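In the two complexes that follow, chain A is the common piece, with chain B as its partner first and chain C second.
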Partner chain A sequence: MTDISVPALARVEGEGGLEILVRDGQVTEARLDIYEPPRFFEALLRGRRYTEPPDITARICGICPVAYQMSACQAIEDACGVTPPEPVQMLRRLLYCGEWIESHALHIYLLHAPDFLGYESGIHLARDHPDIVHRGLRIKKAGNLLMEAVGGRSVHPVNVRVGGFYRAPDPADLTALIAPLEQARQDAEATVSWVASFDFPDFDRDYEFMSLRHPAEYPITQGRIVSTGGLDITPAEYDDHFTESQVPHSTALHSTLDGRIYLTGPMARYSLNSGRLPGYIQEAARSAGLGPTCTNPFRSIIVRAVELLFACDEAVRLIRSYQPPSPPAIDVQPRGETGYGCTEAPRGLLYHRYTITEDGAVADAKIVPPTSQNQKVIEADLKDFAAPRLNLSHERLTWECEQAVRNYDPCISCATHFLDVRLTPIQGGE
Partner chain B sequence: MADENAGRPPRPTLAVWKFSSCDGCQLTLLNCEDELLSIAGAIQIASFPEASRQVMPGPYDVSLVEGSITTPADAERIREVRAASRYLVTIGACATAGGVQALRNFSEDLAPVVYARPEYIDSLRTSTPIAEHVPVDFELHGCPIDRRQLLEVIGALLAGRRPKIGNHSVCMECKRAGRVCVMVAHGTPCKGPVTQAGCGALCPSVGRGCYGCFGPAPGWTFLPFGTAEPARTVLTLVEPARAKPAQARPAQTDPAPREASQE
Partner chain C sequence: MILVIGIGNPTRGDDAAGLLVARHIREAASPGEVTVTELAGDQLALLDAWTGAREVYLIDAVCSGGTPGTVYRFDAAEPLTAHFWHHGTHTFSLADVIELGRALGRLPGRLHGYGIEGGTFEPGAPLSAEVEAAVQAVTVLLLRELRESSSRAG
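Coming up: the complex of A and B.
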């Protein structure tokens, strides 16, 4: 058996590869190579106005710009000592639901489901199952319509600012979205049943899950940072527990929690917060074969479908109770402080920290996206996943390893502020 | 499955390439939810790694290129992409102008700020547009590109005509949409007068000044004093459609067209 090497991983956001080193029939190392060119965002932010990070950091990721805008606003508002009122918070949550819907529908239908069904892409899947792919695209479109209505556009929204929004959407424009979102909710229910019918390998893992937790809500925009290992901290305490380090094969920094490997993302959110989901969605999850936690990364597609259903439901609820914030944004004046922001991007916890000067310049910025936090878990899982499968054909094993990586919906553009699989056998005696 | 195209002329092939970028402009293609499957019927999507494992060998009829050149390896790769492509269309601000990461061009070496071991990082000092490296057939502006403009370019290439993409300023779009000028009415600084149109004047629609994400309209430059304008080669097979003055002004006899009078 030779090493497996996937120099350029497909159906992930960004550029990366996968390499599995095999020596004497044993997997010795699995590496997620991230060669996405670094863009140095933290450095570019230095000296910019405190009002600019939401628009600049959105450009880290075209798939989850709202997550960047929301974590950035929260951190800057924290530094400036203000908290926007409830109507602004609710509108932010509504915009974020749009991003969850768009991103999860994209991953489930176009990036991940084709693996389970043996297709090269969602477009290939559509040739045999057009109705299914149309359903996915319909859900995705509903998410984009919501982002356009609240944010102005779906990729890099323009309506978000520190303190709130430039303009509060007209209630009639949001009410018009209830019909497509109700359709999306029905489509999401069908999605949960559809993905639950896939075949999943037995691959339960012993993860330490980490996510936000909120007393009442399924976490999106706010909460304390908790883990199944007993962590329970505020965003301001993040740097006391999480450490980033650099490895030669990646332009993304690797992250650990008190020295331990941990997982963030939909499985972690669900496992730590499934009790916060509305009753009928918990019931849908149970019908799909999920318990209160999920430890098999291949089944993350079911969790994503459950979260998709939740996001559609939540969006309709928020629209029905929508009160336009007036004014749409509060005044935010700079002060010489450091602020912290944590929100749940579709792929997991996104941490921002900014130090602002008295006169409103960004003195220091730190951004920790979900994919860089998950790199170590992805590598550990790949190693254990590949080990008992070395008898498979090289082609088959390569595809399955790619699928194992896509379980985490890695966003490499984010991680380097992508992915490519190389399975390389090292011959015995080398 | 049976080839549904047997007996028909071969479909044009499309490849999508990523350089240094956020993936948002490629996503814009996947965001054409109503048109995506029709496009995939009319065009052979030969290589689109973000969406498909399948990679068909070139050459390709059309390459859509996202992202800027920031590494020595990418400076080489773009030459291979050019050599394999009949038409090369850049999509988005990174590919046409260097993108937000081109802020590095005006500052000291940034790798040590972000990375503890900058020697592991193989990155160029500058972020540069594709046209500084290879000839480009058409440039689509925007951060991100506009979905309708992307569909127009793909449709035009399929039909063998020039894309109808005007290169007037955002002000023209804003006036046509009947919006109140945020600069005149509220004193809000707005880059609309000097920014390439295409977004639909989104920022003024939410009461915000344009922040220039489609880049400078022709004839304007944001390069700082003392910075030489880079030599650009944007030409060859498909020329960008020039905005014709006669189009913007409905009739020559009209003494004061509304759009022009408010410019």
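Coming up: the complex of A and C.
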């Protein structure tokens, strides 16, 4: 087999490429090369005021800025020895629901569903099924509205600060969102049924799942870090168990859990916490063919739809019980400590660690995004996925590998529409 | 209503070009002549941003391998050229969003604008001199177009 290439990815940031190494007709390795911006931001943060990381790190990602803000706030507040009161925590959870709704609706409708339905892209799906795409955009719009009402605007919210919010939303402004969110909840129910009807390849995996777990809630903003391998730690213990290392083929660091490969994200959250979902959502998941866990990454689209339904439901619940935090933020004074924060971004656990000086400067910052954590498992899955498919045409193999990559909703989701799949024979290869 | 939308990421070098043109237009245009907005991040928000607008101008940085500072004109009456199909880290390309809007019947009556070829999109990089010059040139061109469009409408 000779080198095969597809039109190269437009390398604005060198986002994505997949190389499959073949020896004697066997796949020996799959290498995913993706771009990861947090390294730059960690350096940028050093020397800045302790109040700045929520706004600065929100710029890392256009799809999940709230996740960066929430993990940053939690870590800095931990360093400063304060915990915002319950009304602030609930408002943060509400804002985060908006981000889950936006992100999951985008991925399900415009990035992932077209794969299952044989369309080249969400645009092609929209041409044949505009009503379905309208439904997806309507759900996403409900998330945008929530982000605007709580965060001040729909991308890169400006209302978040260490200690809480600059301004508590007016209850009437949030109540006005119940109607579009109820509509979104209905649309999300239809989404669960819709994606459950797709055909899924048999590809069950033996994952070690890792996510937050909270005593009472489906985890979003807080909890202990747990895994199906027996891990059960606080965010402060993260660095004792998780190790990041450089690999030559990627600008991103690869992460392991006590030396093991693990998976974070919706499948892990669901599999470790499905019992925390409201009863009717558990029932919707069962009707869609999900058990209490999900081990086939292709079925992650169903899990995402279930989480989408949950986020709409949870947002309505939080608005109905909304008590404006007063004051909207607590006073947070710096102290010379290290703090840790973990929240569940749409794509999985997002870890922040900050060391702050007595006079309030950031001395050190560490950020571990979910896509970086999942790189090893994505490569392991792709290696096994591609192995029995080497007889496919290059176009078909590229299509199927792209779809497989999108199962994990990595931060290169859009770019992987043009994933540059290279089949590279190494010495002795065919 | 005529709407000018500048698109870009202010923290990534030449990707800020569209935002800078929008800011120059906001400062230079006559009050009531035009509405100016900026968009950073999710370009799908364009589908809502231009709802209700009679005429929309978009300005965005492009990355198509051309000489930095090159200016491309587009009119969405026709599918966009390859210059506009680049993807950001997480977002759809400008051409993707326009084609999605076309498929869904959600394009404004007139949609056109400028792309500015960028040279560097690295986080924290400054605007390049070539793109700075192009920003000034596009601002002049766009102001002239806006005044002609306003006089036609008026």
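Assume the second predicted complex is superposed on the first by the 394 of 430 C-alpha atoms of A that agree within 3 Å, B and C clash if a C-alpha of one lies under 4 Å from a C-alpha of the other, contacts with A are read in each partner's own complex, and residues count from 1 in each chain.
Methods note: a residue touches a chain if its C-beta (ideal position, glycine included) is under 8 Å from a C-beta of that chain, and two chains touch if they have at least 3 such contacts.
The shown structure was predicted, so the numbers you read here are calculated from the model rather than taken from an experiment.
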* What is the contact status of A:83 with respect to chain B (first) and chain C (second): first, second, both, or neither? -> neither
* Based on the superposed arrangement, let me know which partner A:175 touches: chain B (first), chain C (second), both, or neither? => neither
* To do: Determine, under the contact definition given at the top, whether A:246 touches first (chain B), second (chain C), both, or neither.
  => first
* Given the touch rule stated above, what does A:63 touch, chain B (first), chain C (second), both, or neither? -> both
* To do: Spot which of chain B and chain C makes contact with more residues of chain A, would you?
  => B
* First (chain B), second (chain C), both or neither touched by A:44 -> both
* With the two structures laid over each other on chain A, which partner does A:28 touch: chain B (first), chain C (second), both, or neither? -> neither
* Asked: Which partner does A:134 contact after superposing on A: first (chain B), second (chain C), both, neither?
  -> both
* To do: Considering only touches as defined above, state whether A:144 meets chain B (first), chain C (second), both or neither.
  => both
* Could you pull out which residues of chain A sit against chain B in one structure and against chain C in the other? => 9-13, 15, 37, 40-41, 44, 59, 61-63, 65, 106, 110, 121-123, 126-127, 130, 133-134, 137, 140-141, 144, 154-156, 411, 413, 417-418
* Using the touch definition up top, name the residues of chain B that touch chain A in the complex. => 1, 4, 18-28, 30-31, 33-34, 36-37, 40, 45, 48-55, 70-71, 74, 99-101, 103-104, 107, 110-111, 113-117, 120-121, 123, 127, 143-144, 199, 202-203, 205-208, 211, 213
* **chain B partner contacts - residues on chain A that touch it in the complex** => 8-15, 36-44, 46, 55-56, 59-63, 65, 106, 110-111, 120-124, 126-128, 130, 133-134, 137-138, 140-141, 144, 152-156, 158-159, 161, 165-167, 245-246, 248, 251, 253, 399, 402, 411, 413, 417-418
* Touch list for chain A against partner chain C, complex -> 9-13, 15, 35, 37, 40-41, 44, 59, 61-63, 65, 102, 106, 110, 121-123, 126-127, 130, 133-134, 137, 140-141, 144, 154-156, 411-415, 417-418
* Structure fact -> In the complex, the residues of chain C that touch chain A are 9, 11, 40-42, 44-45, 47-48, 63-64, 85-93, 96, 99-100, 103-105, 121, 123-124
